[in-house]
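Next come two complexes built around chain A: one with chain B, the other with chain C.
This part shows the complex of A and B:
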């Protein structure tokens, strides 16, 4: 009998201990799932704004490589820099990526700088992309090489990715609403990156304003450029931390907001702001209906009972 | 007598001075040894080759502006001097001997895996040409437009949608 009690006690103790361990393990696991460790050898591009001369070769090469539609003006027509676009991203009246071009270069006349500065825009290929995490059909994926690619065959055209992207990059092909198609830079993944070759824009750039390499090497290179030329660069690498880190990194000779960058992009991945909310969604969807149906039935039962009692009294 | 001594001293100084001068030049390459014109054709896919007048440029720029430390002349850049003050004339002198054509190729990128490698950001050939040439041209007022130096081939026009490939439809394209 005594033995039995001890056994039972031990059993309960063991069970409790196991439960505690299990809950701790579970905690660790969920944490690990939350903090994605990134692909260590993924590639990136370092864009040096001090080097770009605004030749638009990258735009031309991208158009050809990706088989994009004919542009409105030739790529060696530099009047595009003076165009005003009321619907530019971030409230700026400047050119932005559209369904016709995955990359564009904009010109900035910055006071105190004796020559214009140019800045290239394309998908930054985030380490934890907001487009990917916001897509409920998993049309996006981040490849180990570093590209954020898109699968049109599963896309339903909800355009949540366009709202989620902190850089206003994905665009929608409005001409094909019944066959939804998001248009955005894919890092030339299919044609070049997966074979280890640089994207078309990098290869064509005459000034080597675009440097292709492992993201870790590029960060080192960027730091070294800042260190050796402290007067030439602002001491910041845009994309090192922005939006949780991006594959495309930037160096600038002036404060980044003066050359069209959004300096208010948070340093955390966008998913971190909605992770807590998303974790309660299953609870709301599964538990609430059962719970409130139960409440409803209970209160109805009470009503029905009192109605029944009233009926009995009347009789 | 004292006048003769002075003349002797002056001659002596000239002799020693000129000896030092010529020996100084002895280890360095003379500009006249260099080719007069260099044909640059690394962009031949899209542009005609550029005939670079080397001789003309030796009169406008210092040799070390382009041949940083490979001519046996000490470089002017402070950081370079630290290692290359006494660097002898190199066996190879053309830009393409150090600046790779395939800068972002798999082999070139693999060299960065060597932690001992010091020059980690050496630009490729095209980058080296443009960064140095355009940089200097901007300073001295030389030509800086793409087509000031490069004549576009048909393939180039096709890529830039220029010339006979220029867009015909001028329709308004909105949306994003």
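This part shows the complex of A and C:
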């Protein structure tokens, strides 16, 4: 093989090669930075922490509705509230949702409050879900009714959704070798929400701690509750802005971090943090080929010059 | 092998023909010109092979356990820590160390620095194998590895960063196979194939740069999905991809220095004189490139802190750990490299390169595991997770060695080419 010199033919090949790669990949990524439209009439749930008494009936209802396995301790056993280390010594201390329970209630003893406070955890059904935007096989969708649902038939099991979810909601069936999948609250979408009925946990709540309704209406309701009882509530609706807004909204009598909420969750959709990178992708794809082929031409100018006459004869 | 190279003048094989003029068969080439008995003998004489045998005896049953009973039986992956060592080390650690392929491809083919030619093939092979085994690590970690083609053909989620990683790693793997094929064709004696690849070399190199820039960056960008979870010092929404890309530049270069050092020490019989003679100089040259990237890296690391106004974090325990990482993994080898380049000292460069390689892995483990969920609790990998990781990495070393023994990577093929 002779010295590698750039002649016209090689240059075109190089440039074309890059351009082909660029055009193939560009189509797939160009929608990347687009914004996700919110569904204006989507439903939500308002959780009023002041009203919850920790009866765990929502846990029981969810378990039954979703056909989840029977728990070790029955749902009327309240000793679970004081359990520590449920994950075998290397997990977090607090109870959390698992593949066996899509929703759980935790107890918080807050100094200055004469009774314990309870907080329900489940998927918050974000308006711009991070799980959805991070999924590379489109296993998640946000339904017009407001639920974030998951399709196990296309999931590859990469678990990026679990990395992306700011609320640590999706859980994975690690125990299954052949049929692992993501397990999370689906807002009872198939069985109830689609028909306009509230999810099982809301329906069963004896304290009306959970209110089902249009998200926009719930926001109004939450604001009026705060307005009419400014001493009872802190002036914040958790979920109004957190992670770009969630279908589930919360009112609390104390600062939210005292009842287990992560108050550091950014007030914009997680995808906004990724946009910077996504926007450079088409640029690299389009500029790099020309740029580096150009560099090649420059750095091999001497060789090319000596070959100049030869080239001319070819043409 | 050393023993035979001294006694038998026809090994190691560097040509299609034996000294007596007859041709080597493929089987003979595969057995390195030894009889089966001799090959077995040299295999068992090597103490490294005994270590590998033990690793395989322990690791294989655990790997089978993982595929029969699920990830839960061998890892501590949980709802809070979805990713463990397989990705933290195997994917995030190995991919930056494999940036060597596109770096030297660019240097030699694109910028016309023919002086780096003796080490180009090693860098390309290092890239190919690193990526290939990173994908194998991914196959261990994925819940449903049999669905690997889904993001390509079944259900596309083009707006996701991982989608870019998947596509770019897949295309880049094919590019790298093409880049390494010429040495295979020389060894095989199929010159048409080699010429076909050579004619595409510029296109391949340019697509190599594009794909590398994007997916090295994309691996970093994956963590921008976790702004509340990863410690702010290790995460910069704006610069994460540049951090990962820039560190892969010196990571890849230093990995070639480390590998070539090992080859020189343990596989000198396979190298030709040209490779051995130029290696010191080439190592210094690679280190020079690496130092520039390291300086850039340090600067943009601090630009990111300034941009996000995170100076106060540096005073915390995490901040000290961060400074320790930067100092030991980047600043120290940078100083060593600069000194060594000035004094023409290849030994120090090699030592510095080793620190850099370990430092890159440290940084990726910090990002993926140690500083992830920093406000929650610390995850310690299951010992079986470590065993599988060691097993896969050993297969990487064995494959690497198998190819180096045979293909004209660190020596030049004497026969027709």
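Note that the second predicted complex is superposed on the first by the 236 of 315 C-alpha atoms of A that agree within 3 Å, B and C clash if a C-alpha of one lies under 4 Å from a C-alpha of the other, contacts with A are read in each partner's own complex, and residues count from 1 in each chain.
Everything that follows uses one rule, which is that a residue touches a chain if its C-beta (ideal position, glycine included) is under 8 Å from a C-beta of that chain, and two chains touch if they have at least 3 such contacts.
The shown structure was predicted, so the numbers you read here are calculated from the model rather than taken from an experiment.
Of the two partner chains placed by the overlay, only chain B lies in contact with A:213; chain C stays clear of it.
In the superposed pair of complexes, A:73 makes contact with chain B only, with no contact to chain C.
In the superposed model, A:174 lies in contact with both chain B and chain C. Contact with chain B, but none with chain C, is seen for A:61 once the two complexes are overlaid on the shared chain.
In the superposition on chain A, A:230 makes contact with neither chain B nor chain C. By the touch criterion stated above, A:97 is placed in contact with chain B and with chain C alike.
With both structures placed on the common chain, the touch criterion links A:300 to chain C but leaves chain B unconnected.
Contacts of A:115 after superposition on the shared chain: chain B is touched, whereas chain C is not.
Chain A uses residues 87, 96-98, 171-172, 174 to touch chain B in one structure and chain C in the other. Across the complex, chain A is touched by residues 43, 79, 103-106, 109, 112, 120-121, 123-124, 126-128, 130-131, 134, 138, 144, 146-147, 152, 158-162, 165-167, 169-171, 173-176 of chain B.
For chain A in complex with chain B, the touching residues are 51, 53, 55-57, 60-61, 63-64, 70-76, 87, 96-100, 115, 171-172, 174, 196-198, 202-203, 205-208, 211-214, 217, 220-221, 224-225, 228. Chain A contributes residues 1, 3-4, 6, 10-11, 13-14, 16-18, 21-22, 25, 28-29, 31-32, 34, 87, 90-93, 96-98, 130, 133-139, 154-160, 162-164, 166, 168, 170-177, 180-181, 262, 264-266, 270, 273-274, 276-278, 280-281, 284-285, 288-289, 292-293, 295-296, 299-300, 303 to its touches with chain C in the complex. Residue ranges of chain C in contact with chain A, taken from their complex: 66-73, 75-80, 82-83, 106, 109-112, 114, 142-145, 147-148, 150-151, 154-164, 166-168, 171, 198-207, 209-211, 213-214, 217-218, 220-229, 237-238, 240-241, 375-377, 379-380.
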